[in-house]
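Starting off with a structure, shown below.
By letter and in written order, the chains are A, B, C and D; residue numbering begins at 1 in each of them.
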Amino acid sequence: MTQALNFKVTGSDLLQSYKNTRNHSQSICANLTDEDVQAQSMADASPLKWHLAHTTWAFETFILKPFVNDYRTFDDSYEYLFNSYYNAIGAQFPRPQRGLLTRPDRQTVNHYRNHVDHAMEKLFFEFAEIKPDIQKKLIPLIKLTINHEQQHQELMLTDLKHLFSFNPQFPVYSDIEQFEPCEKSEAIRFEAGQYSIGHQQEEFYFDNEGPQHQCYLQDYTIDSHLISNGDFLEFINDGGYQSPQYWLSEAWQKINQNSVSHPLYWKKIKGQWHEYTLNGLKPVMPRLPVKHVNFFEANAFANWRGKRLPTEQEWETAVRSQHPQLKQCFGQLWQWTSSSYSAYPGFKPLEGAVGEYNGKFMVNQYVLRGGSIATPANHIRPSYRNFFYPDASWQFSGIRLAESI
Amino acid sequence: MTQALNFKVTGSDLLQSYKNTRNHSQSICANLTDEDVQAQSMADASPLKWHLAHTTWAFETFILKPFVNDYRTFDDSYEYLFNSYYNAIGAQFPRPQRGLLTRPDRQTVNHYRNHVDHAMEKLFFEFAEIKPDIQKKLIPLIKLTINHEQQHQELMLTDLKHLFSFNPQFPVYSDIEQFEPCEKSEAIRFEAGQYSIGHQQEEFYFDNEGPQHQCYLQDYTIDSHLISNGDFLEFINDGGYQSPQYWLSEAWQKINQNSVSHPLYWKKIKGQWHEYTLNGLKPVMPRLPVKHVNFFEANAFANWRGKRLPTEQEWETAVRSQHPQLKQCFGQLWQWTSSSYSAYPGFKPLEGAVGEYNGKFMVNQYVLRGGSIATPANHIRPSYRNFFYPDASWQFSGIRLAESI
Amino acid sequence: MTQALNFKVTGSDLLQSYKNTRNHSQSICANLTDEDVQAQSMADASPLKWHLAHTTWAFETFILKPFVNDYRTFDDSYEYLFNSYYNAIGAQFPRPQRGLLTRPDRQTVNHYRNHVDHAMEKLFFEFAEIKPDIQKKLIPLIKLTINHEQQHQELMLTDLKHLFSFNPQFPVYSDIEQFEPCEKSEAIRFEAGQYSIGHQQEEFYFDNEGPQHQCYLQDYTIDSHLISNGDFLEFINDGGYQSPQYWLSEAWQKINQNSVSHPLYWKKIKGQWHEYTLNGLKPVMPRLPVKHVNFFEANAFANWRGKRLPTEQEWETAVRSQHPQLKQCFGQLWQWTSSSYSAYPGFKPLEGAVGEYNGKFMVNQYVLRGGSIATPANHIRPSYRNFFYPDASWQFSGIRLAESI
Amino acid sequence: MTQALNFKVTGSDLLQSYKNTRNHSQSICANLTDEDVQAQSMADASPLKWHLAHTTWAFETFILKPFVNDYRTFDDSYEYLFNSYYNAIGAQFPRPQRGLLTRPDRQTVNHYRNHVDHAMEKLFFEFAEIKPDIQKKLIPLIKLTINHEQQHQELMLTDLKHLFSFNPQFPVYSDIEQFEPCEKSEAIRFEAGQYSIGHQQEEFYFDNEGPQHQCYLQDYTIDSHLISNGDFLEFINDGGYQSPQYWLSEAWQKINQNSVSHPLYWKKIKGQWHEYTLNGLKPVMPRLPVKHVNFFEANAFANWRGKRLPTEQEWETAVRSQHPQLKQCFGQLWQWTSSSYSAYPGFKPLEGAVGEYNGKFMVNQYVLRGGSIATPANHIRPSYRNFFYPDASWQFSGIRLAESI
């Protein structure tokens, strides 16, 4: 079960939450052309049109089909076309080919969204009539599927940025990329001891955030602020990308194979560093936090500084302390931790197809914490565990350092 | 020089030819969505929007910029964005990423087309005022660029078919795929001797079709008809795809690596062979010519039959003979020959950037002759040399057999 | 520092340990042909001749060159040829090409070994004359380099097995593969609480085994015995390799891409499972422990059983408990844990080039514990952390299960 | 049939030819270590031990097994192990893994050679007793298999050179690489007309050298000498490798992908060009012919010079003319022609498994003529057609230019 049911939930609450989320997805695409929402820039990213359809598919597949007797599917072939990775549902249209699905077109996908919205809204209006034990099953699934769409909202922005970055005309999307400037970091100190980790029965959480459990931490400090572009430029100018001693062995191979020498969206133009942003090409601002660095780069930077990345337990303990100096924790940049993404002690995946949501990805990925400017605000919480491969740079990911003392 | 100038050409002739060609490109896209013209299904294929832009770029680059003093470019960045492979013009946007160029969108590309059309039409109206020696340079370049757009018109259809074939909904485009049925072939006999090969000063020809030259052929026969689906099914049913003795060594490796056991667009559904066509999924009709076979398959089929593919000289000699029994020569399917694409004796590429049009592709590709149902009718002639890699199947390509006697 | 110096060490002790280790490497190759020690079966494995040279290079590079003034190198080019991955020493001959170094031949490599042995033995004989502070530096480095050669002794056997497995004649090497039979497992219970993890000032340990530190474990059980071939056959026969629900997402992709359906060296011959062993091809014995399974397979098996792999802390705590029922812990098979290989809290790599020994591999690999039949006996201890990528199967690796309670 | 039988052949002739050839293979390996003959440097090259075994396999497979009733195979598993590419014989041990076959070791392969030699010699001694119609079948097969071993003798040297070139110690093998110096070329002129191409009933020829047939050539010239290192240096120094206009499109992609800027074995050391030879590393000598250039490089060089490569028909016609100025034709370097390797008119492959010898490779390869310093002298003739992929550089291949006039 993804969350406790000690919160009373009505159909009207669900409806409000549902509509807000669904509208937000549409608003993300409002200024985009049909071509913009069609293209797929790499296998790891998806077309925005696909995100619009897949999030709709999730409501149809996990809520409407199993729980609404008279629900009529919009198009039977969508079960296959818009299944992302749920083997329990059936085969999946190949991920790297999502950009080839020009049909259904955007208009048809919008019809699909309306069709499912209509059925969901009917469900919410009649929610009080549903038997309590079914309600008890439905509520967490509906919340899960709403949160699922919120996750895709962030991916829509990061996938769009990745796509646009290939265009030499540097398309302008919006001024969404607003960051608090960094200041000189203080090392905030935490004492060794037992700490509680994981969700605390918040209104919603994913299965991977629990069970809540004790862990023992040694003495450590964590930096009050994120690493800035200026800090990272020092690393570059000090030959950081050419110095094997700072890099994990696998990282060193990759940056050499791919000739990497700067963060993903940086470009040097006439001797001046610029970066592609969703607001077009901009000069790199030294006081803003460095972003779109991957785990390998974050780790190398930490080594260069003689520090390290925090574990996810250290990060969570620190932010829960509500230390007054601890800044830029939430909604700025996802912050790489040194923790490989794995099950908490006693973790059990959800029952059924939604059990494939998290658990099967628990290998070779690294945990990020905190949420970014692209994360819906009510989707951010201290126990939230995001995870990506260590060479992934296209998320809004940054660096906060820690140290053992 | 691509063609002789013993035809008197006026601005009005050129205008008519230009407008017909430009309109045809637009009509190909008329029923397609913005998404359809955006997607790119493989590196060898291009988005239809790109074809629309690139063919326009060719007029801008080879005609307007060098010959029209007051021409103002539509967008300077297009020189790079829509350059296909002309190193003499400059760097090229990477081919496999053409599908990522969501901007300029289709509407902007249409504005670009109108902008160039306007300038070209002005040129045609004022053509009589141009100095004769400039006219002499311009006319072949304009014809070349018109023929260039015609080549892309065929690719627009084959690239679209390739794209749509990935869609499990089997999109319907049009009923353009109409083929004459095959009949039992007669082996038409030709005597050994010297024959003349290459263009014969037709109104237009590409540089690779000349110079006209003598060649010596041995006795041979060529089949009066194309190989049918029914013939090819016999090959399949006889285990042709599982029998190494029919296949070139390189072909045998490839079909095994990729588990190929039938022509590109064939699918067996409930025991019945179907094929994806631009008119949707259809049963394979035994009397229609087999299509979308590559050189390797054509060659294996010929070996299985105890025959061989004709050389391009044999094919050209046969069709020039106007033998009354020799059918399905033009405008049905491109017919694979056994000839590696290479320079005719004395071949010289054109001067300037257009010299990159043909010559630099003369390695590892095989010549096809005859034109297909996707080829504009006035773009077909006996000396026309099309060429593709031996593993390419996405063209409308078929099989006609020959034999040494 | 790799180990504490509260053990008094004399030159004669070191000499004995050195000679035993060096002789053992030679004895591993005694029955092999020059061809056997030359070939390299994959980039991750090395020729045995290379192992013989590289372990010698380590003594030359870390001991003789820096500490013996009048040492004369055997061949200057070996610094580059036999450097494995030490960037601080300099560039490295490319790993995948080690099998192409036919020169120096085996005889010359043996001369190289003798040359270095002679210099090392001289050092040991004169050890008492070395200044105490230099001795203090030297002793841990010598022990480290001896242990380094022991690590390679295990790799020599696993790399040899991998090489021989490609040979359809199934070469016989020796009867070294002797395993204790499995019995029905009991689930041994451990209580939640704080436990001490890491080395305990044993005579030798690697830097990655420390610092010793506290960790908090929840209640858990661990199985008394390893998983047997018979157990694993049940998984296979139950369709385990065809059931996505047991597999990590990345694992599922890999086993499908590579058509994996059984442990690495298993072959079905006339309906009967056999496995390639260093003693030739043998029937799979149901009571013996299953081996050469990778992390993905171990994890899938655990899921199928409704259990999980232990963390490395759980494994270490269990074996330190000296529970009388806990069997097959050491010297049988390396046992996969669920722990991603990472730094212990407060970990600092060694100073200098040997600092590259462990730390830079701390990403995307998983920890194995316990040692195998191929591990030198005095190289096994409770805190020892071996690590391999989750798709690596060529080590002597097996499965022990755990459970949260 | 590979050759006419208008030469009377006795068992004693065959024996002599057989023994000479077999001894030569052994002599090639005489100075090599067991390690040298084991390693395989790429999939296209084979270990020398494999060549020794495979050439023996050919006598066993094509002569002894089918024609000698009481022949007992040396080891049944060799049928599979040493089959190169004959599907009619059966499956083949994977080519890229030949270097992993450490067993049979070299000594055993030598026993295998002796075993087959003994049986072959017995056959020759009793040859007169064989029925004439069997003799008639046997003689061409024996000659073919002797010539087959001669082909492998050249490959043994080129594969060895390729292997040794990876070794930074630049192993010395022998002074076999002796070339006649180039002189200033004259353009030798040939008139348009019909010429006869193909074998002329020489004592031996491969099936691909026939049938003899007429072809029509246009006027052309061919250079009297090969291109020298000095000539090629001018091309390099003129930026030839950085100038797309000289390169085929496919070539330009490859040299950029692989950062190629000089012939295969050249290395610039302290500003001075050196090349690896079988006699160790040597300075590049300007007057010696440039070698180890591939088709792409030869073609680019020709374009830079404003000339072209000859067709194979032009080359053959020229050397058959015995023009007194035409030098360095035979036994120096294989000379690239512009001709794609294809069947002569009326070509029929041999019956049986030996029919796979040549025909199935007739795609995407280019013909070389003339033989090299590594080719056995009695294996060279005007009609001989060697063929390699256009990116292959490891043969002793050079450049002779031609021109259309």
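Convention: a residue touches a chain if its C-beta (ideal position, glycine included) is under 8 Å from a C-beta of that chain, and two chains touch if they have at least 3 such contacts.
According to UniProt, the chain labels map to these proteins: A, B, C, D = Ergothioneine biosynthesis protein EgtB.
What you see is a predicted model, and the numbers here were worked out from it, not measured in a lab.
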Smallest count of steps, each to a touching chain, taking chain B to chain C: 2
Farthest-lying chain, centroid of Cα atoms versus that of chain B: C
Chain C and chain D: spacing of chain centres that average the CA atoms, whole Å: 46
Centre-to-centre distance between chain D and chain B (centres being mean Cα positions), rounded to whole Å: 37
Inter-chain centre distance, chain A versus chain D - centres from mean C-alpha coordinates, in Å: 58
Multi-chain contact sites of chain C, meaning residues that touch two or more partners: none
Every chain pair meeting the contact rule: A-B, A-C, B-D, C-D
Interfacial residue positions of chain B with respect to chain D in the complex: 85, 87-88, 192, 194, 213-218, 220, 244-245, 247-252, 295-296, 299, 308, 338-340, 342-343, 345-346, 356, 360-364, 390, 404
Complex contacts: residues of chain B adjacent to chain A: 33-39, 41, 49, 77, 80-81, 93, 97, 99-106, 163-164, 166-169, 171
